[in-house]
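For reference, chains read A, B, C and D in written order, and residue numbers begin at 1 within each chain.
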Amino acid sequence: MDYANYLKLSGLLSLQEMESTKKGKVAHDEMLFIIIHQTYELWFKQIHHELDLIQSIFGGASVDDAQLGRAVHAAERIVKIEQLLVGQIDILETMTPMDFLEFRDLLIPASGFQSEQFRLLEIRLGLTREARLPFNEQSYDANLLPDARKNVVAAEAKPSLRTQVNAWLERTPFVTRDGFHFGETFRKALDDMLSRDMAQIEKHPHLSQTEKDVQLASLRQSRAMFDGLLDDARYAELRAQGAWTFSRHALQAALFLFLYRDEPAAHAGFSMLKALMDIDETLAVWRLRHALMVSRMLGRKVGTGGSSGFEYLRATADKHRAYNDLFSIATFLIPRSALPPLPDNVRKAMRYRYED
Amino acid sequence: MDYANYLKLSGLLSLQEMESTKKGKVAHDEMLFIIIHQTYELWFKQIHHELDLIQSIFGGASVDDAQLGRAVHAAERIVKIEQLLVGQIDILETMTPMDFLEFRDLLIPASGFQSEQFRLLEIRLGLTREARLPFNEQSYDANLLPDARKNVVAAEAKPSLRTQVNAWLERTPFVTRDGFHFGETFRKALDDMLSRDMAQIEKHPHLSQTEKDVQLASLRQSRAMFDGLLDDARYAELRAQGAWTFSRHALQAALFLFLYRDEPAAHAGFSMLKALMDIDETLAVWRLRHALMVSRMLGRKVGTGGSSGFEYLRATADKHRAYNDLFSIATFLIPRSALPPLPDNVRKAMRYRYED
Amino acid sequence: MDYANYLKLSGLLSLQEMESTKKGKVAHDEMLFIIIHQTYELWFKQIHHELDLIQSIFGGASVDDAQLGRAVHAAERIVKIEQLLVGQIDILETMTPMDFLEFRDLLIPASGFQSEQFRLLEIRLGLTREARLPFNEQSYDANLLPDARKNVVAAEAKPSLRTQVNAWLERTPFVTRDGFHFGETFRKALDDMLSRDMAQIEKHPHLSQTEKDVQLASLRQSRAMFDGLLDDARYAELRAQGAWTFSRHALQAALFLFLYRDEPAAHAGFSMLKALMDIDETLAVWRLRHALMVSRMLGRKVGTGGSSGFEYLRATADKHRAYNDLFSIATFLIPRSALPPLPDNVRKAMRYRYED
Amino acid sequence: MDYANYLKLSGLLSLQEMESTKKGKVAHDEMLFIIIHQTYELWFKQIHHELDLIQSIFGGASVDDAQLGRAVHAAERIVKIEQLLVGQIDILETMTPMDFLEFRDLLIPASGFQSEQFRLLEIRLGLTREARLPFNEQSYDANLLPDARKNVVAAEAKPSLRTQVNAWLERTPFVTRDGFHFGETFRKALDDMLSRDMAQIEKHPHLSQTEKDVQLASLRQSRAMFDGLLDDARYAELRAQGAWTFSRHALQAALFLFLYRDEPAAHAGFSMLKALMDIDETLAVWRLRHALMVSRMLGRKVGTGGSSGFEYLRATADKHRAYNDLFSIATFLIPRSALPPLPDNVRKAMRYRYED
């Protein structure tokens, strides 16, 4: 057992074969290009390793509270890894376009689009085939190698983390409990707040009528959106229109966790949702940075894999997001001070036994 | 002279008046909200201070080479400041939406859109009124205070850094010199390379016909784009369509600096262009992070200033960019090894006299 | 209510008076110097604001579990602010020594050592007067202004966060409970593990005798250190020698929280300890970066405040740390798999009531 | 040519063999431990690749100005890589000590001290065997494997980058030129400035006598240090005491580049020196972070390789630095405004020919 042996360094450090060297005209920066992509793939493997843990915890019939803490920890680690991946772009951008061109043609038609681990990662997080943007009028897996294509299709058939989180949220034990119906209680609180807000806006001394109209319309829209959360038929309609992906009960539970996150029993659940939002957001930032880097390298040229490059990558930063619903929940949040207090029995149930 | 006195700390540290405190219900996170915005404004002031230096250097009839180095240094400092501003969003995101809601209503109708320094910064960098996206069907300065509106209009009347850089590029002494015509020489090199590339693609053993067509179309498009750079009338047309904002000669000079940046006399000029791209890109990343943060805080609600929030901010990350042309130049870059060597007299002129 | 008004921008942006301008020879970088220090002070104010919250939570006779979550949140925010403060040094280092010298003499004898907020911050975190390194053979507050000196002395008289955390740890309800004595139980587990480890090392096929001796000595030392935790007299001795600052019971409780952190009722407590370690570590990194930056600016010159500069600052990164004890606890940690299971009654007490 | 093939992914992603899995008790975090170290080693390889380029440029009899720009670029890339390596510690610190302990014993006696690439990197940058701290009373390469030991000994026999930079500085063509003797000219300017400073301090209205004495002593020491730079015998003495490692002429040239860096012909040279300082400083920060992380994992235990861990690593942050001299040069810097103007012939020689 020594360091080099344990890390298999002789293998690892011999996997950088520069095409430019083979062709007899060394392109210095090809080494950077290889190594940065290899580190990306190693980190993708680590993210999958964390997803293995998280999915094994959320995949069961119930989630033990001690296990939930470990899942949160793993999810937060994924965020930190993603932040590193964003940071790596700073290094890649030290490669100027001309230095890239020195070896770029030798790579055709290889392309980052072929990264199987990245595709699997998107799938496991919850990005569905239907939600994906078309790419060069082809499905996203058209230019994967046969084995990789088989693997992504198989992965799509399994429950994603989003699906598992949806099921876990639906089981949340506090939303309806011993006569407490969170949806109804909250509907009243939200209504009161919106009415109060509307009254305030209408009599506001410094707002113009146009400004008032914008604010009032927004409040009315929030109310309508929330109504949609309380009614099965209306919700089904909204979901069909793409307004939501989580189920109605899961969304209510998520809203509950956001609102009552200070209660000990809600804390870890809230942290999990927050970590999922961070994962989603940081991935979106990475996608934008990646798109800008590509536009910097290639201008308006097409990519080695034949992609129209920048425009497509750019759009994925907006569209390829799995946890938009959690961001939209903020539409319904109200100040802590306006929060209806939990009934005593619910509040007590969310505390530790040692207090007895 | 003591530390507190020099930094005017007693003044500085008394400028945080929480509206929530005035209303008698302290919202803990309002302090963070105030302080983070105050640091943003302080850093905006610093960026303006650096722009003062850069614009004074580029504003003259010529740019001394020693001064150019200082302008590059100031521009690179702006990039580092922007990176910090991006990083500050990590701190703001520790404020949860509910903590924000605790004091948000007290701020209506104040809004970050009213930051005069930020508007001036965009203007000085080169964002024109015409290039801006409409905001709630109003011009971007509609809800600025009268004084601020006067200031942004006045700033728009002055030459922006982009205008100055354009003029400086047009004066580059190497593009046409002693019988050397960079545009023509490069046209030939580019042509040769494109023809070679086309031949290679056509006989490529592993590419499908579709893949070949995509690659070939891209090469043809690059050639057409470059042709547009050599002809006044064609270029005017492209510019009118919004394909370019720099002038034809400025663009050629920028391309020259990209290609021959290793030559001592091109190095600082290239560094300046690179810094402008970094400024542009980092600002775009900040805009995306800002948009995502807003969507996290408000979901689908409208902002305190009445903005439709996320969608608008999101779009500015793409559209409010001043140095897109420099990214597009990569379309014409060729590998160092295919670069036509400079004629001896030009090459020597770009070296130092001490070598004599 | 508008943006500029709310943030008091006209005041804020008029607090940058450059001494060099007053003296008629503008030093461009003095603006950066002023602004970066003003942002430091604003962030220090924010850290104090978070400490206000944390200390109000820990200052009571008991800490409510919902409140504990908020304290953790505030502590984690402090870490993020500290990380930003470290990042700001990247900006300050864009100022070259010569640009600093342009205005440095005008600042004598002002000095960063006079930052009252920074001194108060150290004090509140738990750095005591006795633990401080001597500075130019004077006490650290010798060159503070009279008012500031009064304030730091007053702050030293109040309980620091470390003192409060110590008291909170002493109250932890799980360490001794219903016949469970954590110290004794763990002593046995640790003993078993150390004995097993020793046996393994002694018969290890590839370790040299020297290597074995080093490992064995370390294990024996760990055991001796732990014994010191179980005996009042021995512990008092160790504490007098400076080996520990927390009380014996507080340390045991901290160890318990580290070991059983997966249990819901231990989770937030563990997170709090982790955040304190992060605060401590990030401040140490800031101190090193600050020291290196000073050495870069001044070489071997003395600082404007007359400090011997680098050496002193450098040493504070090691010595001015308040939560060393928490790092040292790792000495006693054992693998999760070797952890003695909690008795059923203790384990159940650490769970939520809703499970009933 | 496809992505997976080019990057040798099937090989790369099969090099993570967890010892804990082999032993039948999976330690989840061992994967992170392996992957983070593998990415470290990949980045070390990249740094060596950049050093190859830099050393090939500095290794010749002279450095072409176009090549110098490329060396600066490569050195600045190394800094960015080092910053990433520092950032990776944030990820490693998500592994708690207990999770580490789960597999730590399986690694004995492997140790990060055995990283051959890291040792080679230190050597190439300029860290000599003599300058290293003793480690467990053994030489630093005592527990390297035989092959690795051979390699580090061989590397020590080759010129390091520091040696090459020293030789390059000695050849700087401006320090003595056509009757201009930089050392003498600057001695006078420094003397004038120091005398002026002393006069100012002596009559300063607000400084105490003690404060004056500290400042005056420092100025006298700067003068003495500079005198040591002008005299061969005195310098040899200082160097023997360890005050300097560069040669006297190299140091003077470095000082010249610092002072006149705005001149085009000095700019790239100055940038090179600055990049070397950044490399040195960022490595020191990495060492501190690494040391703190180890103390967090192990407390006061010894490392798997038998190191006394924290204390040793901690000390290397201060002592294992190759470019301290460049930091110390700041001792002699004076404000731009006090800088003696270059004689016309020298100044002109540092400009481009195209100005003719």
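FYI, contacts are C-beta pairs under 8 Å (C-beta built on N, C-alpha and C of every residue); 3 or more make two chains touch, one makes a residue touch a chain.
Because the structure is predicted, anything quoted here is derived from the model rather than measured.
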Handout entry: Of all other chains, the one whose Cα centre sits farthest from chain A
Key = D
Completion exercise
chain A to chain C, mean C-alpha position gap in Å, rounds to 33
Problem - Computed distance of Cα centres, chain D from chain C, in Å - result: 28
Practice task
State, to the nearest whole Å, the distance from the C-alpha centre of chain B to the C-alpha centre of chain C.
Solution key: 39
Problem - Of all residues in chain B, the ones touching two or more other chains - result: 1, 108-109, 206, 261
Practice task
Considering only which chains touch which, label the overall pattern as line, ring, star, complete or other.
Solution key: complete
Problem - Residues on chain A engaged by chain C in the complex (per definition of touch) - result: 1, 65-66, 69-70, 173-174, 206, 261-265, 267-268, 348-356
Problem - chain B residues touching chain C - in the complex, by the definition given at the top - result: 1-9, 11-13, 15-17, 19, 28, 31-32, 34-35, 37-39, 41-43, 45-46, 49, 53, 73, 76-77, 80-81, 83-84, 87-88, 90-91, 94, 106-117, 145, 148
Handout entry: Of all residues in chain D, those that touch chain C in their complex
Key = 25, 96-99, 101-102, 105, 108-109, 136, 197, 200-201, 204, 206-207, 211, 214-215, 217-218, 221-222, 225, 258-259, 261, 277, 281, 284-285, 288-289, 292, 295-302, 306, 314, 317-318, 327-337
